[in-house]
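Shared chain: chain A. Partners: chain B in the first complex, chain C in the second.
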Partner chain A sequence: MPRLGADGAPPVLPIASLLVGAAALVFAGVLVLLAPGAFTAYLGTPRVVALNHVYTLLFVGLVFVGTLQQLPAVMFVTRLAWPRLGWATLPLFFAGGVAVVVGFFRTFDPAWLAPGAAAVSLAMLAMLVQLVRTAAQRWPKDPGSHALLLSAAFLTLAVLLGFTLASARTTPALAARVGYPVQLHLTVGLFGAFLLGIVGSGQKLLSMFALSKGGPQWRVRCATYAVSAAVLLEALTAFARLRDPGVALALLAVGCFFQAWEVLGILKRRLRKKLEAPIERYVLAHAFLPLAGLALLFGQGGAAAILFLVGFVGLAVSGMLVKILSFLTWTWQFAGAATGGVSGGAPLLRDLVRNELEPLITWGLAVAALALAGATIWRLSVLASVSGAATLLGGAALLLQAGHVVGVTVRAKRRLAAAAAGKLAKAAGVEDAHA
Partner chain B sequence: MADKFLDNRGLEPPNPMIRTLEALDEMAPGEVLTIHNDRVPVYLLPQLADAGAEYEVLEQDDGSAQVRITKGA
Partner chain C sequence: MTETEFTEINPAVPARNVLEALHAVIDPELGLDIVSLGMVYTVAVVDSQVAIEMTLTTPGCPLHGSIEADVRHCLGQVPGVGDISVDLVWDPPWTPDAMSDQAKRSLGFY
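Up next, the complex of A and B:
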């Protein structure tokens, strides 16, 4: 018999993904601390590219694909197709991601990069098919869901482009044929996948957590169109040798602008005046969008990418990670019962989070982004060290928070089960005595 | 007083949740609200506990779900 309301994958899959994602952030902090000087010179070195993929694949990527195991069922109001597929795709994605990181560390070693990129690509393709199959059961009409679908398609494209780049390193014929589309890989990954993922899922989740009534969603649609058009233009530039004087960049800026505007709109309509700390972090993340734009205007492309990835994406994803994990773990343990509520003994959502950890996560990641961007602009390795320490602090606080959420909820369920078993045994003892 | 009823079917998330919590907010303790949603509203259930309410989920044959919510003190 199916578990009550079990429309997504087994909850242990997304929960494990989110926990491993948080652990990857700690690892990223350690890596920056070990070689701060790497950020004061050319940013295309094996170490920096490896670290970049720890962040994009093992932190943000794992949180993204883990969320795809539960959120689409809620957003599309249907059941996830092939809910057990995640048992294969999530470990494959993780193992492939680790191999890619090792490959970059070993100075772009194709023996690691090629199988790693192939594994991540295969996992993402399977997850994309799963997502489209889920949506096809009840095709969503709202722009937020469309943005989420597109973001998954772009993440798949980003890893396929990564696979192409890895293959081009070992096969000159392929490199001669397709070139070396690094810029396209970056645009598709950072904006197509991550920005649109935040646009799509954030629009629903922020509305839900801030209790904001549905309003006009044209800004979500505009952000989606602008980013998609930019990706198309970048693709034409990479493969059809089209000359772009900067239109793609302008479209990406427009996409970011509409996302920030949509967040403001949702906040204006909200019923819950006091936002919880993880949601405040998600909102604060958007302050990094104009900062990244400013860095770009001053010709600091590396700093702009860091402010976007570590500042905007890092803060937004870590904010939603805590909230999603709270809901996921609670529903995993307690929503299976047909009855429940305040007297049932289940912990309250607000009691799952350790409030003292939240500022450490928020300010740790914010300082990490600013210091690392500063390190690349002023070529100061001390700033990179500050960034590494701040990432380590923020990541450790996030991992502790995630572990606390899961631990508190699971222990509460065990206590309730033990108490119920004790009551049953007592009742059986009374019946035996009567007999 | 008669129980209140909200038909949330066909509404786009998160409107069913917001509609339900808004209705609950306007009710007196002990009053009962029954909602009918397209699916079991798993993300609403912890919010109900946080709002001090009790609930009973009744899954329907067509995949939809009714939830009987009693507002707490």
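Up next, the complex of A and C:
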């Protein structure tokens, strides 16, 4: 049986990743507030693309790769291969991500973009090999694990495509040979990596946290097939000049539909009626899928992407971040502790969370998504400012929550360890007196 | 609710007392003790050796290491208990029917 911390990477690695990811969300809020007008015009400007990568690489990406250091051991019921590899891959991913963001800010500066994208690609390739090696020890049979494996492969592909895009800016011969596959980069990243990552890990985690037993998992499989087929079709469109009248988009919608249906199925058969606030946020995230679909139907592609990324992905990832961080830090401090677990005075997992912060995170990010989508549709910079303020509020609350979870757990462990040491010293004193 | 099976051979401590001590082991996620959750299948006491067969709500539960450690910690404080072995089993799988009525109520079943 795998144990968090014992059979994954050293817990400090994913914990640091999750904390830095939450900090990146605060940074994203500040960036929107500084230039709200950027969202009322063309969305391909350096500032908007840079902000996009703060969100995708430094927030969602870091949370994703941090989780990959521990979750596979639990999902595949085995040990993480090369558990110390994260000491190299996570800092490389972060440094590369920062360089990419700086490169976009400096008006697509290839001197920053190319090495940054290369570093992120190298880190992701190493993490993918590690993940496959981990799975190969005990190949998982459930569709959730398959979706997680595929999502990591797609994230690697997305950053490799990003590397290709960065290289094509400085090497015209490359651009002439492979074209400029921005649409493929977006589809692979948003849907292949993020949607399937949420499909795979969410299926396991939501079932576990909601005490939802059994149930068919064919919807997970259907979502995985639909998204994979869409990516393949996009690739054929980009590289083989295939004409797609919109089948890939329809397949992505089908994938989203099956994910929402699966979540409803899990909730329907759950045994734990009252869900905790972070889990409610994860569930609420799915309300943004039909909204994104509606925006797309009305020809608002930019708004649809924002509703999907900031609304669906942002809420789902921030919800799971709080739960995963609680498990990680608790297990890190108390698994196998000589003081015992809760019986020895360790706090319950739900006591690690400050409940008053949860609505701020949920509604902050939800309002941020709606306002930013509105800003792009109606060209209103005031809505972008509202979105920036809401992202800042939600991000700050998430960062505070993450810091609180870690702080309260570490302090509880120190207190118990000090009490245990005091008891031991007292016992030793009694023995000495007897002697 | 799960009926825990008891085995006693020249026990240094009654098996029921061992089960009673396990009420102190709390699942950190659910906030309920493992006996009320119906996770303890068998308690065997042979002389001072205690063997526990138990399960968890889901295979792959990341808290299994800490719950197992807590079982050892709690039983280690029971006078007369010597060696402790804890076996995690998945057959039969845990179901909510295994819980006590009070545990079901606190999770919002009724």
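Here are some notes:
Just so we're on the same page, the second predicted complex is superposed on the first by the 424 of 435 C-alpha atoms of A that agree within 3 Å, B and C clash if a C-alpha of one lies under 4 Å from a C-alpha of the other, contacts with A are read in each partner's own complex, and residues count from 1 in each chain.
As a convention for this text, contacts are C-beta pairs under 8 Å (C-beta built on N, C-alpha and C of every residue); 3 or more make two chains touch, one makes a residue touch a chain.
Every value quoted in this text rests on a predicted model; they were computed, and no experiment measured them.
In the superposition on chain A, A:V367 makes contact with neither chain B nor chain C.
By the touch criterion defined above, A:D142 reaches chain B but does not reach chain C. In the superposed model, A:V129 makes contact with neither chain B nor chain C. Judged by the touch definition given at the top, the superposed model places A:S207 against both chain B and chain C.
Once the two complexes are laid over each other on the shared chain, residue contacts for A:K273 go to chain C alone; chain B is not touched. By the touch criterion defined above, A:A35 lies against neither chain B nor chain C after alignment on the C-alpha atoms of chain A. Looking at the shared chain after the overlay, A:V77 reaches both chain B and chain C. Residues 4, 74-75, 77, 204, 207-208, 211, 213, 271, 327, 330-331, 334-335, 338-344, 346, 348-350 of chain A lie at the contact with chain B in one complex and at the contact with chain C in the other. Chain C meets chain A in the complex at residues 24-31, 57-67, 69-70, 73-74, 88, 95-96, 107-109. By the touch criterion given at the top, residues 12-15, 17-18, 21-22, 38-43, 45-50, 52-59, 65, 70, 72 of chain B touch chain A in their complex.
Taken together, the chain A residues at the contact with chain C in this complex read 1-4, 6, 74-75, 77, 204, 207-209, 211, 213, 271-274, 327, 330-331, 334-344, 346-350. The residues of chain A lying in touch with chain B in their complex are 4-5, 7, 73-75, 77-78, 141-142, 204, 207-208, 211-214, 271, 326-327, 330-331, 334-335, 338-344, 346, 348-350.
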